[in-house]
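Presented sequentially are two complexes of subunit A, the first with subunit B as partner and the second with subunit C.
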Partner chain A sequence: MRKRGTYLGLLMALLIVWVAGCSSAPAPTAQQQPAQQQPAQQAPAQKPAEQKPAEQKPAAPAAQPTQAPAQQPAAPAAGQPVKGGTLTVSHGQNVADTLNQHISINTTSRMVAAHVLDRLVAVDPKTGDIKPWLAESWEVSPDGKVYTFKLRKDVKFHDGTPFNAQAVKYNFDYIVKPDTKRAFAWQAVGAEKYDKTEVVDDSTVKVTFKSANPSFLVMLSDGGMGIDSPTAMEKAGADYGVKTLVGSGPFKFKEWVKDQRVVLVRNDDYKWPSPIAKNKGVAYLDELVYREVPDAATRLAALEANEIQLVTMTEPQVAQIKGNKDLQVLTTPKAGTSRMYLMNTAKGPTADLKVRQAMNYAIDKKALLQLPAWSNIGNPGLAPLPANMVPGGDLSKLKEVDYAYDPEKAKALLEEAGWKVGADGIREKNGEKLVLDMVTTSTTTSQVEPVDQMLRKVGAKLNIRTGDFNFWIGTTQKGDFNITLMSDSGYNGPALVNQFFRTGQAYNWYGYSNKDVDDMLDKAMNATNQKDVWDNIMKAQTQVVKDAVGVMGWEQLYVYGASAKVKDVWFNEVGFPYFFDTWIAK
Partner chain B sequence: MTRYILNRLALTLPVILGVSILVFSMLHLVPGDPVTAMFIESGGASKEQIEQVRHLLGLDQPLPVQYWNWLVKVTQGNLGESIITKQSVAELIVQNFPSTIQLTVAGLGLAVLLGILLGIIAAIKHNSWIDNVTMVIGTLGVSMPSFWLGLLLIYTFGIQLRWVPITAGSDLRRLALPAIALGFSAAAIIARLVRSSLLEVLQEDYIRTAKAKGVRYPIVVVRHALRNSLIPVVTVVGLQFGGLLSGAVIIESVFARQGIGRLLVGALQARDFPLAQGCVLFVALVYVFVNLVVDLLYAFIDPRIRYE
Partner chain C sequence: MASSTLNPAHPLAREAPARRPQSQWVMVFRQLRRNRGALVGLAIIIFMVIVAFAAPLIAPYDPLEQVVADALKPPSPEHLFGTDDVGRDMLSRIIYGGQITLRVGLISVTIAGTIGTLLGIIAGFYGGWLDTLIMRLIDILLAFPGLLLALTIIAILGPGLFNVMIAVGIGGIPSYTRVARGTTLTVRERDYVMSGRVTGCSDLRIMFRYILPNVLPPLIVLATVGVAGAILTAAGLSFLGLGAQPPTPEWGSMLTNGRTYLRQAWWFTMFPGLAVMVTVLAINMFGDGLRDALDPKLRR
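After this line comes the complex of A and B, so read on.
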């Protein structure tokens, strides 16, 4: 017994690791991969033709009507805002690494910090206009290299120290320090181009880049580019972002208990609200609490029990709370790519264009969205970039090359490609079965299995291999798959298309290479005006669809469930909720 | 006895070493690389940049070298720091362990109490409907996955009845549901074991003698029979402790509790090698220690057992 006890002990310890590895609880959801927010170099423009290179505007998620059955967000609430109350929010995991945005790589951490840290400028999510915030005005040199900001003089950090040109310099210099981990802010500031920041006087600061950095202003509005108090950062050292976070925002940092909660309290001295906010005074909420609840089912339960008033939800959960009058569903378009079933163009059956086209005809995108795994959240995808990411939301050119569901055509294409139906109904060619290796994360199984069902109707099937996020990256990166479900979030549409579809680029694990597309992407990335950028990007997207690199699955939305008493939640240009206007009805 | 304890302690070394080697290899055999994942989160990076960071973290060295470096540090009492948050692994474990221990002990306490109680009832009411009901509960308890039971409890007591808060916290009201979800299957196992063990003991001659002497039946059961039937139970309780520790991994996520389990899950998902290894090593240590305690308890319960 004793000896066995030792072995069993060993076994148990291993079992713990195994169980932990298998637990799917806080795994990335369908919407969180592969990458989180990505800095823009050239944000999509609403009205490209009218803009100078340095003044491009972002697409406006809020301006895009969604066809989701959910109630629309941010509808003006009946009644006057009332002050008071605590809003408890859960993004699942709210802070994965640190709240110090100079070194954080975590999207939700940025959503939290955005309430403590104000930015120099703000992007109006409705129009894409860039508005002054901590910076009263700015000038951009004609070559797009030098940005001179005039700063507000009345702004104080939560620790009482003044916001000024020195603070801005300290923040930007800190981001590009060589020993700072390459983080979101590093990308956002354009660190590779960054030259220096000079203090002209207390309220004037000049930022110089080695080459034009047209996306700088847009990126400055992101939560990850907030201005922290240099005094506080110096004082806290390595504890900054862990034990303290000091900005000038509408909420002050109270505490962060790792894996438990972040507590923010109202800043009663707040007099410099974002120009986009309706609220012109201090925040309505007494406290803003972010709770870590990794399990989606528990999150919804906590929402139903009113322990939490706003949570991120999965699509199937939307159907679950339908008809519950105490709750509302808020959706907002997600900045990033469509969710695509991308196919390996370099090897296996999908190296054949006809097979890839057949897959496109065999998959009924509209029908997929009706299934519980989607619950009608999102729109059928047309291109790598969804409508909310392209100028004017205009994807009409892409509609012309879209593959309408047509299983007969799919069968014909497969026949042409030499795949003949075998005894078991699955097609074969040279003794090989038409079984596609589908590599994806275990949380997305429900978005992959229906595709398998559709493919079976034309004589193909999927061999679904799932694991956690790292399994997925590790496997796809090696090109060890035929088809995978993939997307990326980010605000920089052109850069995303470039990363996904240029030969040998960061995410191009499926071996796609088309010289024409490479040329178009080159032109787009080096263009000096937005029209040229987008003309080339749209051409490249069209070619990608013609080459059937993937099935353009669906356009994604962020889905939040909230108590019906929570009013005036709005979402910024990248779809992050901002609670400065938010109040809780009695 | 002292020699026995020393022997056992010495034996734990290879066990811990074995665990750490296995965990290390398993972590590195699974596809995925923390640096790539990290960069993908922040918007992609060139191969050179990735290699640079891998070099800084020592991830470009051969696995045996990496393991050796880690082991050397551990023997010096340094568990290293998390790749992702840069916090000290030891500090993170110390912060999170009390919560896990609280949950595990609560779950185990509940399991032992409920298990022994149900076991006794089932045994003395052998073949009655009470026995049947108890054993049905037992079977249910063993078959139900704890996370499912957890969600069921949340739904019933958190949403429908609103008796208890659903998520997190360490006060007793918040501990109740996770402890039940965690301890229920162990309770079922213990109940079944107590029942069969007790039934066996109750057939013994000395029990008949006791009854013949006129000792009251409850006293016969508790004083004469129970103690003898508890030896296999103690073994199982010890093993269950390990089971509960691993169960806490899931329960902590379901109930959004702080703890080693949450820490470990997060570490594994981020391929945060130092943190994952630190957590597993620590849990293995705790487990080996508990096993040792259980072995020593035998002697206490059954004086006939002596370790030579």
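After this line comes the complex of A and C, so read on.
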């Protein structure tokens, strides 16, 4: 007992010395290039390349990386892509299960597989338009049940076998096997509605659903819906996705060492790039390595040491690399809902609309974002769906009903609602104090503590209850809270709004029930065209904001840190980075 | 404490027959005085207790007051220990955190000590199937590592500082039970216990008047060191986000919040870490000294 205590004390001392050491000596940021070949003249690989990769011109002050936000000035670099080099990437999550997308439920797995597997169609992240890829064209029957695809004839899988209608049928039939039910692909393909796939001829395939499946084409563009080589899948059996992964993509699978890395190498025979890529030839990178580094601080340190060239970051880390000329911060909106402080409309003080409105006026969303927990990036939330999730990013209607920060109005509303200031500055009504139960996970305390401070200024306060995810979801599901910090990811915006705000729906743990909103959501969910869907969704969102079901928090981002030498990273429509266009400046 | 009721048949008294009989605690204090480490530890503990009690007078700021503009400011004359990520004064938070730390340490040890000692005395006094039952239960408890046991209990009770005290308390029970039982076994056959029986004292009276005072010394040492262990475990649980609820200025949860900004704001983790370290070290040093002082074999 005694000894153990002393040792623990010593251990702590060591830890502190180490921490102090770290902070006093800034980590070296020497740029050590991974071993690379001289660029030399790049032999025009295949096909007429629109941008002929040229020799690197040193230090011409030049273009911003495609997605770079204003955070970091781009380091001077030649604007022309050069071939060669290894890009090492690390995401927060590991490839946890398998790279076989017919089975995987893992997001990182999809991000990785997207480089090995091509899809039938591509979605332009800027416009949301659906473009042909492995499918040259397609027809949708008027009832939305039958999709007929004309396929490219020149596509070969990495194992040399041809891509054809049989391959597509094999893939879809595999996805809807009942034993893959939990998989992302199962949901993406709409397996519950799936009827059959028929091979019309070698390059024509017909997919039939039992009922209309309007999201099918959009979902087909996701990395999780890539087309694998049936031959390779049959051959590898249970090892498929573990020891091998064979698609037709710009990178070939080399190895996956679980919990360590996935290594992909360039496919030099690649001739069928996604139409939305700038690159019309083969990939520029020799190798694409996904390293698994679960801890965010370690990832950032590895980025600074140039062991890794692109990492996922947390918002608070952004400030840490500010001013580092060798690094850039890339952000892209996250697919899903805004991060919302949702209020219990069924019980407690927040059952009163006036109290909920007061909370909205009392919380200064803009001021929150300036705190270190947000590093001053991102936008305040206006609606359950952030701008990136609505057509044309148009939330102007929601701006009209937004609550501007106005503590005086908040106070007045609370007075109206009968909450009078007590002796300790906290309001009370019928002997009950205006102390609101805020439930969240313990990793998000710095996202709720400032709210407490803001509420104190209008005479309310929070009783913050934190725990692990299970505590949060258990407590929230029971409705045992006044406020809960909540969001969900996904790209089916209308379905998300429905899940959050329709009476009795999956996530509606705060007891919100508005008949008008239910009607709008019903109309949206059953609409046959996109305009009707969105008209109703926007109306429903507006009503939700008017009913002050929550404080709309902020629009979430994916934040990446990258070496300034990494150019032309772009993100697909759901915010996953795609490295086909990417090159490393010398 | 038990000094006034100390039985002349007490082992300490017996083993030092040449000396003038004096209060056990006076002797203990004399011993302690010779142990420099223990004195330093005691001084730090006393300092901590004073600071914790006088927190409202000493702390330069309200530990909960957030000044957004001052977020993550390094140590300066205004904020000696810097500020945290929502602009609260770290020094004030650490001072107030002392109150919580002391409370956690004392309450959990009280829980562990009371229940553990009671069970131990009962087991040792009655023996037989009751002894077997209690001790096997204690063995089961002992089979789990302390932190794991605490995590399990918190998973059942839910997160929160009070539940942490209970969890750490329950985790501490086995060692008190084992020590109390062992000492009881030796004490219960002593003549003064026998005489108690002969004169018709009730079991309760024998256990509390005759046995308890004599099993206390080793338990006190255990409890002192136990406070340090409890503080460390509680800080660990808060670090995992299962203990103190925000905005409570608890050292462990301050550490975990600071971890995010480890490279950007060293003061955010260093000062709470130092506070935990110094406290635990001081209590351990004092506990060591106390053990030596209470050990008759080491007495000079």
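Note that the second predicted complex is superposed on the first by the 507 of 586 C-alpha atoms of A that agree within 3 Å, B and C clash if a C-alpha of one lies under 4 Å from a C-alpha of the other, contacts with A are read in each partner's own complex, and residues count from 1 in each chain.
Going forward, a contact is a pair of C-beta atoms (placed from the backbone, for glycine too) under 8 Å apart; a residue touches a chain by one contact, two chains touch by 3 or more.
It should be emphasised that the depicted structure is a prediction, and the values quoted were computed from it without experimental measurement.
Legend: residue contacts after superposition of the two complexes on their common chain; A:S442 is shown touching subunit C, with no touch to subunit B.
Residue contacts after overlaying the shared chain place A:L371 against subunit C, while subunit B stays out of touching range.
After overlaying the two complexes on the shared chain, residue contacts for A:A404 are found with neither subunit B nor subunit C. Of the two partner chains placed by the overlay, only subunit C lies in contact with A:D452; subunit B stays clear of it.
Touch criterion met: A:Q187 reaches subunit B, while subunit C stays clear of it. When the two complexes are overlaid on their common chain A, residue A:E307 makes contact with subunit B while staying clear of subunit C. Within the superposed three-chain model, A:A297 lies in touch with subunit B and with subunit C [touch as defined at top]. Contacts of A:A564 after superposition: neither subunit B nor subunit C is touched. Taking subunit B and subunit C in turn and counting the residues of subunit A each one touches, the greater count comes from B. In the superposition on chain A, A:G467 contacts both subunit B and subunit C. In the superposition on chain A, subunit A positions 1-2, 5-6, 8-9, 12-13, 15-16, 19-20, 23, 27, 297, 301, 467-468, 471 are in contact with subunit B in one complex as well as with subunit C in the other. For subunit A in complex with subunit C, the residues that touch the partner chain are 1-2, 4-6, 8-9, 12-13, 15-16, 19-20, 22-24, 27, 297, 300-301, 314, 316-317, 319-320, 367, 370-373, 441-443, 445-446, 448-450, 452-453, 463-468, 471.
Here subunit C touches subunit A in the complex through residues 64-66, 68, 71-72, 85-86, 158-160, 175, 222, 225-226, 228-229, 232, 240-242, 245-247, 253, 256-257, 259-264, 266, 269-270, 273-274, 276-277, 280-281, 283-284, 287-288, 291, going by the rule given at the top.
For subunit A in complex with subunit B, the residues that touch the partner chain are 1-2, 5-6, 8-10, 12-17, 19-21, 23, 25-27, 34-39, 93, 96-98, 105-107, 182-184, 186-187, 238, 242, 257-261, 291-295, 297-298, 301-302, 304-305, 307-308, 467-475, 477-478, 490, 499, 506-507. Those residues of subunit B whose C-beta lies close enough to touch subunit A in the complex are 11, 15, 18-19, 22-23, 26, 30-34, 36-45, 49, 53, 84-87, 92, 95-96, 151, 154-155, 158-159, 162, 165-168, 235, 238-239, 242-243, 245-247, 249-250, 253-256, 258-259, 261-266, 268-271, 276, 280, 283-284, 287-288, 291, 294-295.
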